[in-house]
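Below are structures written as structure tokens.
In the two complexes below, chain A is the common chain; its partner is chain B in one and chain C in the other.
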Partner chain A sequence: MIPSFFRILVIGRNTLVEAVRQKVLSVLLIFGLVLVGSSVYVSTIATPGLDAAGLFDEQIKFVKDFGCGAIGLFGFAIALLSTAQLIPQELQSRTVYTILAKPVRRAEFLLGKFLGVVLLLALAVTLMSLAFAASLYWQETVGLKYAQDVYDQHMPNWQNSPQLVSQYNHDIQDIVSKVQDPQLVEAILLLFAKLVMTAGIALLISTFATSSIFTIITTFMVYLIGHLEGVARDVWLARGAETSLWQSGLAGLISLLVPDLNSFTIVDEILAGNHVPWVHTLNLLGYAEVYLVVLLAVSIIIFDFREI
Partner chain B sequence: MMSSTLPLSRRLRRAALVALLLGLWAPGKILWEQKIAHEQDFLRYHGVTMSRELRDQLGQGLTIGVLSGMRSVVADFIWAVNVTLAWEDEQWFRMSGLINLCTTLQPRAATFWDIGGWQLSWNASVAAAEDLKQPNALRRLRASRFWIEKGLEIYKRGIENNPQSWTLWAHTGLLYQQRLKDYRNAAYYYQKTSELPGAPVFYERFPALMYGLAGDDQAAYAAWKSLWERLTPEQREEKEHWKEKVESNIHRLEQKLSVPTEKRIFPK
Partner chain C sequence: MEASAPSFAVETIGLTKRYPLAWKRKLLVALDHLDLQVRPGEVFGLLGPNGSGKSTTLKLLLGLAVPTEGEARIFGLPPDSLEARQRVGFLPENPYFYAFLNGDETLRFYGKLCGVTGPKLEKRIEELIDLVGLQNGRERPLRSYSKGMLQRIGLAQALIHDPDLLFLDEPTAGVDPLGSAQIRDLILQLKKMGKTVVFSSHLLEQVQEVADRVAIFSLGKKVLEGSLDSLLAEDQSTQVHVPGELTAEQQEKVRLLLGQAGITSQEIRFSRPHLSLEQLYLRTVQGLPAPTPAKDSSHS
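What follows is the complex of A and B.
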């Protein structure tokens, strides 16, 4: 058991090193970092000249949305591109023969490769999250300075009025609580879980695909369908008179096979400032984990039987 | 040599194993997803269901964006680019449609409802009232009123979707107070505001002030009295914040309404 774990770890580490050396992934990561970092600028374009305290909500919403949007978008691209070429690249360069000739089981090889992608995603999401945190810090500094300026300019000697001091403290607290929202950790975790699930889907497809392009296109389609899985499930479970047999069958097939990725858009609610209980987040993370285990198990079965 | 060259028995075995695994997982998956969906419904996170109408409004590119889980970014993009442009060009009907689109995409983002309602009931209605292309003053007034009502509708729908957002309740109260001069409704919305977490403390005084503006001294007195009774002894001593404002109003109304001495809070 332990030697097997170490073999997976070694393959995972090598996969990560190989991935980091790839220019395409590095460029994607740099673009992601730039976009996350520029979210503050985007927010000021979005509300030109409207930096009054009342519109701070709008600006902070843009910073959060664009920051997490960029993490999701570039994370998706990194997950897709890095996973899609895992197996075809190994087959093409014939390194898979050298590895599998050693006492390495196919399952270990596959899990090691996937671990490498997960580590890569963790690295990318961490870096982009740090850039996101810096953007939020900047936005908070701007907001606090603006609030101070408004009070100083429009309400001279406001420090002498308990009511204005109380209002000022309330405004400051409001800004700080919106920026330093601990729920953002939940949002990042959910984004990461969704990216790992996407990588899992890509890995499964790549175990029987003959080219990376096929894996990329098919995974993208499954990703889109995954956001509509809830609709398919409702159609299938309702089985109304207006639903034909083949429609119901198709909806059922989608419901049974494709993950419900739309549930993860609850991240939007967190970013909009709504409270999402940790229990619900953990439920979603648990779902992602179990789904991933099934994906990996199916991938291992298919890869185990594959003639190389 | 690819998988297609595998012997039939191996292929069947592989297919049977995969089918078994998926067959075991599928019922649990459906039940789990249903549970998550119910939880999200309970938490009021309905999100958005892609309809033909919504797809037509969004266009192909933005529809793919929504389907890729970028709902909030798409809503922000429409808000930042299209709503701002419509506002600058004073295309109020277009802006109203775009505000509806953004709020449909993100019904739980209170800021869209808040600023959307403000755009229509203030900016659009003032522009309509001052529209010199319309020589008829009555028509200008009617157009202005039309946009106030549209803004009010946005605020009320926003409250339905975000009942815990004190800003929406407060700004609906402000709309009733300043744009419609309906002080009773303003008092109701300010009262609700003051009961919500995060609302500034001064909103507690607003219902009584609104009843005063409405000319209903009895209701104003009742509201001031109720507020005074809710205050802690420390708050009652806070001179500028509470004491002067609440005490002076109660004192004034007790005299004006000739409240019997034994029922007065401030008999002197």
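What follows is the complex of A and C.
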């Protein structure tokens, strides 16, 4: 068991090193970091002409939307591109022969490669989250300074008025609570889980695909269906008795084969400032974990039987 | 009672591989009922044209493909078992490895996969770098390696866990004659170290220089097998080597002498042995003294 785990780690580490040393993925990550970091600047362009309080709220909301959107988008690109080429590249360059000729099981090889992608995604999401946190910190600093300036300019000697001091403290608290929202951790975790699921889908497809392009296109289609299937199911369920047997059957089959990615749009609720309980987030993370185990198990079975 | 050690490093019985060609509704017979036995310590050459079944044989022996019929054994073990793979090293044809790793990192990666770690691994890397002569490639990424260097790092990774048996698929393909000769010397060195080597090659002269036994394949079947001595010896003639060139007078004396033993003059042939072009090339590029050119005549 321990040697097996060690071999998975060795292959995973090597896959991560390969991805990090690949220019394409590094450039993609740098673009992601720049985009997340630039959200502060873009927010000032996107929300001009609002009154002071509204301006700050809009800007904070924009930085959150833009930052998480960039993490999701670039994370998706990294997950898809890096996973799609995992197996075809190994087969094409014949490096898979040199590994499987060693005392390494096929399942260990596959899990190791996937672990590498998960580590890469963890690294990319961590770096982009740090850039996101820096943007929010910058926004907070600007907001606090702005509040200070407003009080100093428009309410001279406000420090002597307990009522104004209390109002000032309340405003400051409001700014800090909007920026330092602990629910953002939930949002990042959910984004990461969705990216890992996307990589899992791409891995499964790549075990029987003959090219990276096929894997990329098919994974993208599954990703889209994964977002729509929840909607379709809700529509059909809402129609109740009108739903025909084949519609119910199709909805059931799709929800079995394709993960319900639409559930992860709960992140939008978090970004809108609505409260999402941790229980709900943990449920979604658990769903992602179970689905991932199924994806990996099927991938291993297919890869075990594949002629290489 | 202790189980006796298996007699063969490699043994196949009726080993067969067929690939279905769905669009033609046919089966491609890549390997047809191969019976093969390689003894420990032997250097065994697999010969044959492209598509004759050599690489399929190696894939089956490594457990990379599943036989349609028959079975293969590596030191008495199934080829796809971890125990068998622990005893086997493999150099694939035209290996690329991971271009982003340097020489040391490559060996470290493959060593760890085989469970070799820590100071033992570092010592092994030093030994192998010396063995394959890749001191100048330790810190360079493999993408900057020449073909010959890639083959040598490939050989080093195949040896990283000190296996008893080596499978080399076209180890000298695309390598210049000097690099090719170095790989040939390495195979001979491995033989001295007691390793069993099974390799495929198109370069017949090289096979002749290193192999103890060969099998020739054609269209997925083994058509000939045996030791090089028995396969290549000409039963109908005897060669005598003397230093220097015989003068016409000396040749006549030899004819007379052999005539007394009942051999007719027409059956006796005098010629100067030739270097192969490869030997001439190697002597030249390695700066060894050039051989004296032979007179453009043979004496019969």
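As a convention for this text, the second predicted complex is superposed on the first by the 285 of 308 C-alpha atoms of A that agree within 3 Å, B and C clash if a C-alpha of one lies under 4 Å from a C-alpha of the other, contacts with A are read in each partner's own complex, and residues count from 1 in each chain.
Keep this in mind: a residue touches a chain if its C-beta (ideal position, glycine included) is under 8 Å from a C-beta of that chain, and two chains touch if they have at least 3 such contacts.
What you see is a predicted model, and the numbers here were worked out from it, not measured in a lab.
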Using the touch criterion from the header, give the chain among chain B and chain C with more contacted residues in chain A.
B
Looking at the overlay, what does A:Glu307 touch: chain B (first), chain C (second), both, or neither?
both
Name the contact category of A:Lys145: first (chain B only), second (chain C only), both, or neither.
neither
May I ask you to decide whether A:Arg105 touches chain B, chain C, both, or neither, giving the answer as first, second, both or neither?
second
Would you check which partner chain A:Tyr97 touches, where first means chain B only, second means chain C only, and both and neither mean what they say?
second
Touch check for A:Val10: first (chain B), second (chain C), both, or neither?
second
Considering only the touch criterion stated at the top, classify A:Gly69 as touching first (chain B), second (chain C), both, or neither.
first
Once the complexes are superposed, what residues of chain A are shared between the chain B interface and the chain C interface?
307-308
List the residues on chain C that touch chain A in their complex, please.
19, 62-66, 82-83, 85-86, 88-90, 92-98, 100-101, 109-110, 112-115, 154, 157, 161, 167
Contact footprint of chain B on chain A as seen in their complex
42, 45-48, 55, 57-58, 61-62, 65-66, 68-69, 72-73, 76, 161-163, 166-167, 170, 174, 194, 208, 210, 223-224, 227-231, 233, 237, 255-257, 260-266, 268-269, 271-274, 276-277, 280, 283-284, 287, 290-291, 294, 297-298, 301-302, 304-308
Applying the document's contact rule, which stretches of chain B touch chain A when the two form their complex?
1-3, 5-6, 10-11, 13-14, 17-18, 21-22, 25-26, 28-30, 32-37, 39-40, 43, 45, 47, 49-50, 64, 67-73, 75-76, 79-80, 84, 106, 108-111, 114-115, 162, 167, 198, 200-202, 238-241
Per the touch rule, the chain A residues reaching chain C in their complex are 3, 6-7, 10-11, 14, 17-18, 21-22, 93-95, 97-105, 307-308
